[in-house]
Amino acid sequence: MDEVRNLLALYRRLIEARLRAQLQYRTSFALEISGTVLISFIDFVAILVIFANVQQLAQWTLPEVALLYAISGLAFAFTDLVIGHLDDFPGLIRDGNFDLLLIRPRGTLFQLLTADFQVRRLGKVLGALAVLAYALANLSIDWDLGRVAMLVVIVPVGVVIFASIWVTTICIAFWSVGAREASNAFTYGGQFLSQFPINVYDQWLRRFLAYIFPIAFVAYFPALFILGKPDPIGLPDWLRFASPLVAVAAAIVASAVWRFGVRHYQSAGG
Amino acid sequence: MPAIELEHVGKDFVVRRAAGRFRRRTDVVHAVSDLSFSVEPGSLVGYIGPNGAGKSTTVKMLTGILVPSRGRISVAGLVPTRQRTKLAGRIGVMFGQRVQLWWDLPLIESFELLRHIYRIPSQIYERNLSAFRQLLDLDKFLWTPVRQLSLGQRIRGELTAAMLHDPEILFLDEPTIGLDVIARQRVREVLLSANRERGMTVLLTSHDLTDIERLCSRILIIDRGRLIFDGDVDTLKARYGKERVLVVDLEEPGPALQLDGARVIRVEGPRQWIAFDGERLSAAQLTAAAAAQAPLRDLTVQEPEIEDVVRRIYQERL
Amino acid sequence: MLASLRTDLEIARRGYLRYAAYPAATAAGAFTNIIFGLMRGSVLLALFAERERIGAYDAAATIAYVWLTQGLLNVVALWGWQELALRVRTGDIATDLIRPIHPMRTALATDYGRAAYQLIFRGIPPVAVGVLAFHAVLPADPLVWLAFLASLALAVAVSFGFRLLYNLAAFWTTDTRGTMILALVVMSVFSGFVIPIQFFPPWLAAIANATPFPAMVQTPVDIFVGVTRGPAILVALAGQLGWAAGMLLTSYWVFALGTRRLVVQGG
């Protein structure tokens, strides 16, 4: 409990400090936030263009795809907000500054995650919320407690899944800082994948996204449940509720891979 | 129980070098070989050696950054890489050339964040902070973002950051590099008082002999991964610190000068390097003697570099 | 004249070598390009389950489009380039101004060196995957290849001109990050990189074609894929030339303004 309080105190201190520093430049900050809001809309433009040409994409309508996009977008926006700066970590290794984390009495991953907080990334959250509003306004969903709960729970669960993927793949920097760009294929790639119904993809990729690289659990399966849609490719029903478990498993894998990476760094000398 | 203890510690690195256009060669570099020494609590130890000798590698192994390839290490009774976070709370580390503070935030914010990271009790934090504010004159820039600080100001901040949590052992890697004379003096005073009043053990690596001389009762010299000297300052000075070198430019190139109490160690055209015992002969006397033998155009006096000291120790070891 | 051409080639060679020094990064980048190719390909092909053609594009053309754009992404540096802005911010630009060659010319030559390297090492892998694993079709006519390469060279120039413009903003403001990110996203949509402009509703396509962005990606791709044929190719190339010239001239003028400001204000 003490641990949690300390963590919250530290995080609050950090966020306050960052907010103060970033709000000092009011106009620049306003520009940046509007910039990120616009950016999250422009991503959606591609989907609108797609649906200007067809009525359905793999048997999903525009509002349905918008729901997928919004859920995935919200989860990713929060992930980016909280750990987006993890992309700077390979630079730390390259400059020899990762050592500075090892001499402090906290876990290295903990320190990295709490190292920064870019307020402007909230803009992406606003953009995703706008798309969500559009989706919900244009869908006739049979709302019940379960469906509402799913919508609420799925965003933090999605954050854990995305964050775990991010941490796991960025660990490649422990072995090769140069190769770090490969992690983009999984983090930003994963987000791209999660915006579309998985029946768009080939059979092998669908299975991959369900069983190995669990991106389908961020938005697709929960969306199936919320929409009350039968799975067009006939995957088992219980998968729709497996997201929290998947998140836990992903977090375990991420932390194990990270520890393995740190261990390698301590042997090889970085 | 010693504060720091190393037994037959070795560290190897595997280095891949390019050999020709497409092939790679794998070499093993022995950064540290068979290193053994121990440091009692409350000591102030200097750890010196030429660049690439293995100083940083040793400090990294002592602070939990690197795992040794061989041997046993104990710091504050703990095994650094196995009990890293526990040890980190009891030691302080400062790298003169690395920035540990938060770059974009005011200095005071860095201290506050460290307070939470190290879980420093308020009382101790307040006490230490006000002590350092006074000792290091921090108030003038306490609210300035770190990126806007001068080097001297930043180092004072970094030093404070390393000691805020009352570490038992303090590791300093080039803490005074680039500082002016006054700033160096301040750093030394802070270290001496912490050592005196709180019994803080200090391990200092520095290229500045003055720092070492004024602070350290004991000096360890490492070269090419091995410990080649372990003793006090007086022994070091007695053996190697007295020799100075007078560099003279003769009007015309000529044979090596013959001088009492001095020997010519190198001749290049009109320039000659003359080594002499600084305690027995003064530079002025030697200059006069040299000028008597051949007309001089110019001269300088060289003080012993740590590299020269170490090289001489190494040569003697052979 | 020949001497200065040799200098340009030498500078370009340096640009090439600079990127060749990071093979791990290039390999990782090519890997990412291929993965994204798989994903985009799947999504866009799903459209053709509903329709035979969209504009002049059919499924085969779309496959070629996906893999080609993944390969060209880095050649035309669609995701940003900040070297000039960085040099202005750090003040290094001062040393560039002392040199006998105009910094823009050096930068352009370097950029072509960079583009050549990335054409080989990040352009070929995705296209190879597209051909081998997804039956992407390559042009049969050698003249089309020639036209494509000419168009690609012009695309690099257009892209360079645009990149210069948003880099030159650094002469006037210290924080360009927000506007740059926005510029990049607009660029990627309107260049046809995300979705072919052929898929756009007519009003949106009109807006896109009024910008220099399609000249960076869509134009060479349309030649390659066979959508732009015969005399239309010459029209397309002329358009690219126009955009390139326009932006390079504008950059030259803005650069002069900026350096004057720098010299007067002391950076």
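Letters A, B and C name the chains as they come in the text, with residue numbers starting at 1 for each one.
Simple rule for what comes next: contacts are C-beta pairs under 8 Å (C-beta built on N, C-alpha and C of every residue); 3 or more make two chains touch, one makes a residue touch a chain.
For clarity, every value in this text was computed on a predicted model and none was experimentally measured.
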{"item": "Arrangement of touching chains [line / ring / star / complete / other]", "value": "line"}
{"item": "Which of A-B and A-C has more C-beta contact pairs", "value": "A-C"}
{"item": "Whole-Å gap separating chain B and chain C, where each centre is the average of the chain's CA atoms", "value": "51"}
{"item": "Separation of chain A from chain C, taking each centre as the mean of its C-alpha atoms, in whole Å", "value": "29"}
{"item": "Centroid spacing, where centroids are CA-atom means, of chain A and chain B in whole angstrom", "value": "45"}
{"item": "Per-residue multi-chain contacts in chain B, two or more chains", "value": "none"}
{"item": "Chain A-touching residues of chain B, taken from the complex the two chains share", "value": "11, 13-14, 57, 60, 63-67, 81, 84-86, 88-89, 91, 93, 95, 98, 100, 102, 104-105, 109, 112-113, 116-119, 145"}
{"item": "For the chain A and chain C complex, residues of the former touching the latter", "value": "25, 28, 31-32, 35-36, 38-39, 42-43, 45-46, 49-50, 52-58, 120, 172, 176-182, 184-185, 189, 192-193, 196, 200-202, 205"}
{"item": "Of chain A, residues touching chain B in the complex", "value": "6, 9-10, 13-14, 17-18, 21, 96-97, 99-100, 102-107, 111, 263, 266-269"}
{"item": "Contact set on chain C toward chain A in their complex", "value": "22-25, 27-29, 31-32, 35-36, 38-40, 42-43, 46-47, 49-51, 54, 175, 177-179, 181-182, 185-186, 189, 194-195, 199-201, 204"}
